Amino acid sequence: MRKVAFLMGSASDFPRVEKGIAVLRELEIDCDVRVLSAHRVPQEVSGFSLNAESAGFGVIICAAGLAAHLAGAVAAHTILPVIGLPLSAGSLQGLDALLSTVQMPPGIPVATVGIDAAVNAAVLAAQILALKDKDLNARIIEFRRKNTAQVILADKEIREGCR
Amino acid sequence: MRKVAFLMGSASDFPRVEKGIAVLRELEIDCDVRVLSAHRVPQEVSGFSLNAESAGFGVIICAAGLAAHLAGAVAAHTILPVIGLPLSAGSLQGLDALLSTVQMPPGIPVATVGIDAAVNAAVLAAQILALKDKDLNARIIEFRRKNTAQVILADKEIREGCR
Amino acid sequence: MRKVAFLMGSASDFPRVEKGIAVLRELEIDCDVRVLSAHRVPQEVSGFSLNAESAGFGVIICAAGLAAHLAGAVAAHTILPVIGLPLSAGSLQGLDALLSTVQMPPGIPVATVGIDAAVNAAVLAAQILALKDKDLNARIIEFRRKNTAQVILADKEIREGCR
Amino acid sequence: MRKVAFLMGSASDFPRVEKGIAVLRELEIDCDVRVLSAHRVPQEVSGFSLNAESAGFGVIICAAGLAAHLAGAVAAHTILPVIGLPLSAGSLQGLDALLSTVQMPPGIPVATVGIDAAVNAAVLAAQILALKDKDLNARIIEFRRKNTAQVILADKEIREGCR
Amino acid sequence: MRKVAFLMGSASDFPRVEKGIAVLRELEIDCDVRVLSAHRVPQEVSGFSLNAESAGFGVIICAAGLAAHLAGAVAAHTILPVIGLPLSAGSLQGLDALLSTVQMPPGIPVATVGIDAAVNAAVLAAQILALKDKDLNARIIEFRRKNTAQVILADKEIREGCR
Amino acid sequence: MRKVAFLMGSASDFPRVEKGIAVLRELEIDCDVRVLSAHRVPQEVSGFSLNAESAGFGVIICAAGLAAHLAGAVAAHTILPVIGLPLSAGSLQGLDALLSTVQMPPGIPVATVGIDAAVNAAVLAAQILALKDKDLNARIIEFRRKNTAQVILADKEIREGCR
Amino acid sequence: MRKVAFLMGSASDFPRVEKGIAVLRELEIDCDVRVLSAHRVPQEVSGFSLNAESAGFGVIICAAGLAAHLAGAVAAHTILPVIGLPLSAGSLQGLDALLSTVQMPPGIPVATVGIDAAVNAAVLAAQILALKDKDLNARIIEFRRKNTAQVILADKEIREGCR
Amino acid sequence: MRKVAFLMGSASDFPRVEKGIAVLRELEIDCDVRVLSAHRVPQEVSGFSLNAESAGFGVIICAAGLAAHLAGAVAAHTILPVIGLPLSAGSLQGLDALLSTVQMPPGIPVATVGIDAAVNAAVLAAQILALKDKDLNARIIEFRRKNTAQVILADKEIREGCR
């Protein structure tokens, strides 16, 4: 199975993304975590992106806040699916990062998830990789089942609590 | 190769999405085009989504405007990657559809592209399917090359025109 | 008198909605409280909605944050009045939930109240049920009178305090 | 069956609301259409609202643009359900009207539908009245069925057209 | 000299407006402070507004949050200048109150100041009353001079501190 | 009676403001119309503002779009009431002008009316001047009466038309 | 004198930027006009930016719409001043481009001008280059004088026309 | 080398801007720090701006929140490059200040950086001055190198930490 790259624009983004990394591990997906800034180390970003496919990556998650260019900068250099994870850094609370990530020009898509939605970035990466991996597919189904079970349990508790 | 489903919430969305359908054809990807409304035919939506994988689909594109629930409604019933394409119907010009599509709860991601970005929805679907299809991979690279060539040609023309 | 269903998309929404549940109780309206997620337990949502009328419900309140699809998902399966209560979960502070709830397509309305306005969701449900229940009508008038009396008392105190 | 009042803040709003009036007629609901401005004829608004219940109204729809106070002004004087229909007059395209209508203080709800969503205002009024009117209930179900049939027909046409 | 009425929609607004009341006192302007809700005590609001001129008021300041209708409701019943002071109550941080206050229909203006700008509401009231009161005019000029002096002093301190 | 100054930031703003000028004339208020840009002719703006009171002006209306600084620049140099009229020039449709006009710092208020609300700017100016002019007061009351009569007539026509 | 580079992300941007190119010519500044897309020809963008200083450029203007990454991508590879010109392409009317351009991370600034403000991008470039070019300085002063003269003429005409 | 002026609209802005002042010092750029309010001391602002060039300044940074007119007011009186630094004071979190700063009318540009981006204001000023100062140019390159080194170090640490 191909690996997932989990890139973030700044080390300070780590607390906002670590739940997503945990989900990748729970789903037994091999994952490289990197700090790569589109503006501060652009050569590393393009170098990484150009080599990502041959290095064994299948999906690249790019987390960034503010004028979040990281996902777009990566997508410009690879045709691997790139997942954009906008972060709520700064006073505009992620609206800037969301628009900077999702409004890509024709031909260079970024698969954008919600603001600070690190778990969804991870699950989406898993769903993409699962298209050719039956075992991963089964693990995602199991992951969802747990999710569903939690909602059903919470429902039971609240119904009883509110009687 | 698995097929792509291109769903839209209303027949009136067709003019906003047809460029994306054309891109899928240019990339020789088999594609079913459907009008399926999350609110007006919810059973059809869940039925389609539950059967999508066994029906041979690999990716589902969901185009919708306003309170665009279609992508989320589909994603609730399948673990295939779901691409959300928010449309600029209505007076808020797609901001409503963008937020309704991208801000999904943890565990149920929608891979969202830009407002009215039908071409990017199609290219993203292709990139996902290309992970296990070398020929498609080659066609996407060729598609990008043409895209690049157009920019380079436009650059040449404008440089000369502006001298 | 028909019952009110008070649904929320996640157990974590409870603190934001409990004032509304209290108002329903103060107005002596029978109320079932549920955790039902449009995306995590979609079958339960559609099952509940399809049976809501025969189960004795008259109004369904749906509280959700982010891409708040719950009210729309319920409204797709019933013609009972559905009240949407958008919550301020996440970094966009409920603007996403408001637009996802209120901007429904033609034919499938959601009666939307303000962000985090759990009390208003409850009062609106009561006003709807009161159309055919004179006693409830009287209790709502009394509820309003208390509300008014509080404002008049506050006015008196502040006028004296500011002299 | 109680009547519906369809109020609008200005005669210039008529083209934006007439589809809603047509839906009420299609559903055979008796309806009074009025131009009543919260700011230009406030006495008429409060007078109308105070007498609405005894005059045989069951639901009041209030359409207004800009700082759309009409629904709130009516709701301040009656405990009948008040439906707010924000209109996209002015340069902010209805965002002002939406927030002015939906963000009501605790105790005085307005059941808000989408911007320019006149059809949904009418359908919501019908759904509320149908709680105690089996015939209307049946007509709404039939109205929905037609709506659904249109989507299914559009789906069929587009599937064939895109083959 | 005519008095200023300083109305607020809820007693909980007092901490946001008290600086404005203090400015009116500093400028020796007679001021009545009231809690009057457009939606909870509409008759008191219209009664107050209709009598405001004969009761000796010259300007009415209306502070409110959320769907802030108070200033508009007052302006509908008087031709005294009405100053709207939108407050940042609720999760939208006053954008709702700003739009609900300022976007009035033609013919019924509200003189709107910034969100939570209680001091400016008071100064504006003073400037209006000063048009026919030379002593107040002089006090406002003195008030401004102090304001200016503070900036000049702060400038001096920071220049020295940053050397 | 003091005059009103009606300033606009650019000659291209004239079509958006002329209805306001017409209202001032209808109310028989003497009015000087000027094109004065805060950024292109700042000396003229400060010169005008410093002399406005002695030149016989009582209220200054400032219409501007984009980063609409004109009202603030005038208010910085006079304690006459300054009315800010934000215009919908540019792609943000007046939201920029509204915020630039209304969000003034403490001590220097601008009495802001709605986007493109030239009529309201004029009426507000009249209401301020009417505080010491009984004849103007009467003309405003008559102006309102006509306004009200139009709404009542429109109401009558639409009631009959919709029967 | 160093040259100005005027880059745009797409040839379709030309009509929105040509007024800026005209201003550079009017100010006798040597200017290269290019179509360079951050996402479609990233190597050309980085190559151009790395060589810009040695190629004789002093300032780089980058015009782009949507998720406007061009200015940031250039700024990542040069320490020449980079001017960002956000364009109103797409349904969000330039708000996306503005935020994507201006909200750069610490250390990599983009000097952003208003949406579609091509003239200001050109004037800003000129002002920067004029710091070491007295003749250009004089031409900018003359340019401003004409600008001022136009406002004064417009003022004269409107004063006379409105008498 | 010319000096930089670092102006702020209020002494309370100092904590938001001091990192920028530190960067100017680190880059050995001579800098005057001032509190100058466009609205409270307009004469000082115009006086300072008119004399800035002859007083040895090369770039003027203007930090302000709310209706941030300071940068525009300075730019109206000088053709030195003016950098606008919008601050997140007030409940709209800097969106008001951003639009008030960046949306300048044609001919009077303000080089705007991100909300609260004091470091970027300083770096941009340095980049402009470095056009004619080789030593400063070298110091900026060194400053960037440190910035880059930090990212590379953070990348190394996180890669190891996440293994």
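Letters are used for the chains, namely A, B, C, D, E, F, G and H, taken in the order the chains are written, and counting of residues starts over at 1 for each.
By definition in this document, contacts are C-beta pairs under 8 Å (C-beta built on N, C-alpha and C of every residue); 3 or more make two chains touch, one makes a residue touch a chain.
In this text, all values refer to a predicted model and were calculated from it rather than measured experimentally.
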item: Required minimum of steps from chain B to chain G, each step between chains that touch; value: 1
item: Which listed pair, E-F, F-H or B-G, duplicates the contacts of A-C in over half of its pairs; value: B-G
item: Interface residue identity across copies chain F, chain G - same or different by half; value: different
item: Euclidean distance of C-alpha centroids - chain G vs chain H, Å; value: 18
item: Inter-centroid spacing, chain G versus chain E (mean Cα positions, whole Å); value: 42
item: Rounded Å distance, chain D centre to chain H centre (Cα mean); value: 51
item: Distance between chain centroids, defined by C-alpha means - chain B, chain D (Å); value: 34
item: Sites on chain G at which at least two other chains make contact; value: 10, 37, 40, 66-67, 90, 92-93, 95, 102-104, 107-108, 114-115, 144, 147
item: Chain-to-chain touches, reported pairwise for every pair that qualifies; value: A-B, A-C, A-G, A-H, B-C, B-D, B-G, C-D, C-E, D-E, D-F, E-F, E-H, F-G, F-H, G-H
item: Residues of chain D that touch chain F when the two form their complex; value: 8, 10-11, 14, 21, 31-37, 40-41, 44, 66-67, 90-93
item: Residues on chain B engaged by chain C in the complex (per definition of touch); value: 9-10, 37-40, 42-43, 46, 66-67, 69, 72-73, 75-77, 90, 92, 95-96, 99-105, 107-108
item: Chain D residues within the chain C interface of the complex; value: 2, 58, 79-81, 83, 98, 102-104, 106-115, 117, 119-121, 123-124, 127-132, 137, 140-141, 143-144, 147
item: Interface residues, chain H side, partner chain A - complex; value: 88, 93-95, 114-116, 144, 147-148, 151-152, 154-155, 157-159, 161-162
